[in-house]
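Here the chain labels run A, B and C in written order, and each chain numbers its own residues starting at 1.
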Amino acid sequence: MVILIDYSFLLIRGLGITLWISWVALLLAALIGALIGLGRTSKRWSIRFLTGVYAEFFRSIPVLVTLFFVYYGLTLLTGINLSTFVAATIALALEGSAMMSEVVRGGLQSIAKGQREAALSTGMKAWQVELFIVWPQAIRVMIPPAVGVYVSTLKASSLASVIGYVELTKTGLLIRESVRGHSGSLLILVVIATIYVIINFAISRLGAMLEERNNFVN
Amino acid sequence: MSTEPGLSVIQTDPILRVDSVTKSFGKKIIFNNISFNVQAGQVVVIVGPSGTGKSTFLRCVNGLEDIQSGRIVFEGDIVNAHSKNIVSLRKRIGMIFQNFNLYPHLTALENVTLAPMKVLGESRKLADERAMDMFRKVRLEHRASAYPSQLSGGEQQRVAIARALAMNPSLMMFDEPTSALDPETVGDVLAIMEELARDGRTMLVVTHEMGFADHVGDRMIFMDGGTIIEDGPPSELLKNPKEKRTQQFVNSVLRPN
Amino acid sequence: MYNFNLFFIFPYLDSLQWAIWNTLQISVTATFLSIIFGVLMALVRLSNYKYLRLCGVFYVEVVRNMPMVVLLYLIFFGLPSFGIVLSGYISGLTALTMNSTAFMTEIFRSGFMAVSKGQFEAARAQGMTNTQLYRFIILPQVFRISYASLGNQIIGVIMGSSIMMIATIEEVTAWMFNTGSINFRYFEVFFVGGLVYFVLCQTVNLVRNALGKIIFKTAAAGGPW
């Protein structure tokens, strides 16, 4: 137990890194996902098909596989050595973007057709309708499921430990190595697990609260 | 011993005996000290304002709800919601719900045959044959293979009646059977209920249909505030009610502004 | 420039075949087990007993908020401290099943909650015993309501099975990693492995849609189904 207190600084640092990488990945995922999601609601059949294949593709490829692909494959292709951070961020963003496109599509489709028609009938241009009427409403609908994507990304970020990126899980494994033989070696895993559970539970509750507030407003 | 006004048939052992029954949820009393008997072949109609525990009372009779005091005796067996014999008792009581409660994953025919096969142990052949008899009875033989979601409200309720009939129950209970129906289908359901009454079925009906109560009912029980206010022949209760509350209710139902 | 050539994969097709078999085997087993445990845990979560219910909530919240790798490490490294030594395969299967059970529980719980109270009453009023009630009336409806989400969770299990390489199980991701580190043909390896996962998941999707049409004949008729 005492040993763990010595390592508490490392644990906090590990948690910080985990939160940071999943946050960066989420932002990238939101950007890509918004474009893909927009494409999935497009009037053009070809755009809907291509973006649909993109989303379905990353939905059917495990994070670990994407991670290996980016880390080893892209390095081989470009000749540039990607850092574990960059590789993990790209992989998480690609995986997250498929989920985000689903969130964006759902949000856009939740806005009643009448809203568009009402706005068009007041003489707004199509882009104005999207910018001032549809998106402001849709984003409110998107936020709770986007929180869910963040939790998924945060959990998936633990896989970055497999390529040696020292985030929370890897920190735990390294501490476990160095205290091998002590009673703390199991405890450290329990501590790591508990940190994940508390953080993710808290974020999920936040998402649920936002959702309830939405229901109240609507 | 309470007397039963307006009863011309020879008194035999009643099929259903309700002795000072009280039902409450926690501190909230739903009904209090209810007593009456139902003779075989009688059609008893229970009326009264919403929220007076009429539906809950029907649920107590077949043990879907327990009672806090008093005694319900059906064909000589005491109804106890928590006892093992409640299953054997429910086989003999058919129940029609306000919202039909058809099994959505089964066809109309399967809805009717499931319990005869699984609960009564009938063969599929016999159950199918008897079910088709029931469908003819409710005039839905052409809809037997439809799923509930493909049927109108009135049709669903007629399937529900067929489903109850297929168990050949000695008492049929109707819990506001027409309240959830479109006005144009109410008549179909009431006509079938009237036929059942003519066949001599024992029926306990909670309803707001005063016309039905007057034409078909042998007896009418007016409940309000969790107690029985008046109990007698429907024509009597409707034309010259003795109690003031019955009078007010009858006026409000028969002559809505 | 990288020269993409699938020819380099040929020598490894034999081991790939085994890897696919392992992925399938562990995914099917975990799916099967987690459906059974999920139904039971859903009943626990809906139990009338408060403490039983809380146990269910605790299990679901803990397991689904924990990365599966961490769960796997807990089982793999943790249990030996209590004198329980599990093989890599059993550890992996346990982690995958536990994780999937948490999600299945939530799927079936919402399924049970979507079956109206009137269905219980109607079946009881017909004299059905509890066993008959669940077998003939409630579970078929729960299964039907949960059907679409069930397919998604099966895909989730296949995705999760990739983590089993950490438990030294020779499944498809392990094959990709190992083969790539031998022949350095990462692009070809990932192309083939990725294709395997894509085909597996799309097969689940297709089977789900086709089977759904066969089992739930009313689907086209509208209504609540």
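Heads up, the rule we're going with is that contacts are C-beta pairs under 8 Å (C-beta built on N, C-alpha and C of every residue); 3 or more make two chains touch, one makes a residue touch a chain.
Note that the coordinates shown come from a computational prediction; the quantities given were computed from them, not determined experimentally.
Does the chain-touch network form a line, ring, star, complete graph or other?
line
What pair of chains is linked by the largest number of C-beta pairs in contact?
Highest contact count belongs to chains A-C.
Taking every chain's C-alpha mean, which one sits closest to the mean of all protein C-alpha atoms?
If one averages C-alpha positions chain by chain, the most central is C.
On a C-alpha centroid basis, what's the spacing between chain A and chain C, in Å?
21
Please tell me the distance, in whole Å, between the geometric centres of chain B and chain C computed from their C-alpha atoms.
Roughly 46 Å, centre to centre.
Taking each chain's centre as the mean of its CA atoms, how far is chain A from chain B in angstrom?
Computed from C-alpha means, the inter-chain centre distance equals 56 Å.
Spell out, as numbers or ranges, the residues of chain B touching 2 or more other chains.
Within chain B, no residue touches at least two other chains.
Can you list the chain C residues touching chain A in their complex?
Chain C reaches chain A through residues 2, 61-62, 65-71, 73-74, 77-78, 81, 155, 158-163, 165-166, 173, 176-177, 180, 184, 186-187, 190, 193-194, 197-198, 200-202.
Which of the residues in chain B end up touching chain C in this complex?
Contact set of chain B toward chain C: 59, 62, 64, 87-91, 93-95, 97, 99, 101-105, 114-115, 118-119, 147-150, 163-164, 167.
Enumerate the contact residues on chain A facing chain C in the complex.
Touch residues, chain A against chain C: 56-57, 59-65, 68-69, 72-73, 76-77, 151, 155-159, 161-162, 169, 172-173, 176, 185-186, 189-190, 192-193, 196-197, 199-201, 204.
Using the touch definition up top, name the residues of chain C that touch chain B in the complex.
Against chain B, the touching part of chain C is residues 116, 118-119, 121-129, 132, 136-137, 140-141, 144, 216-218, 221-225.
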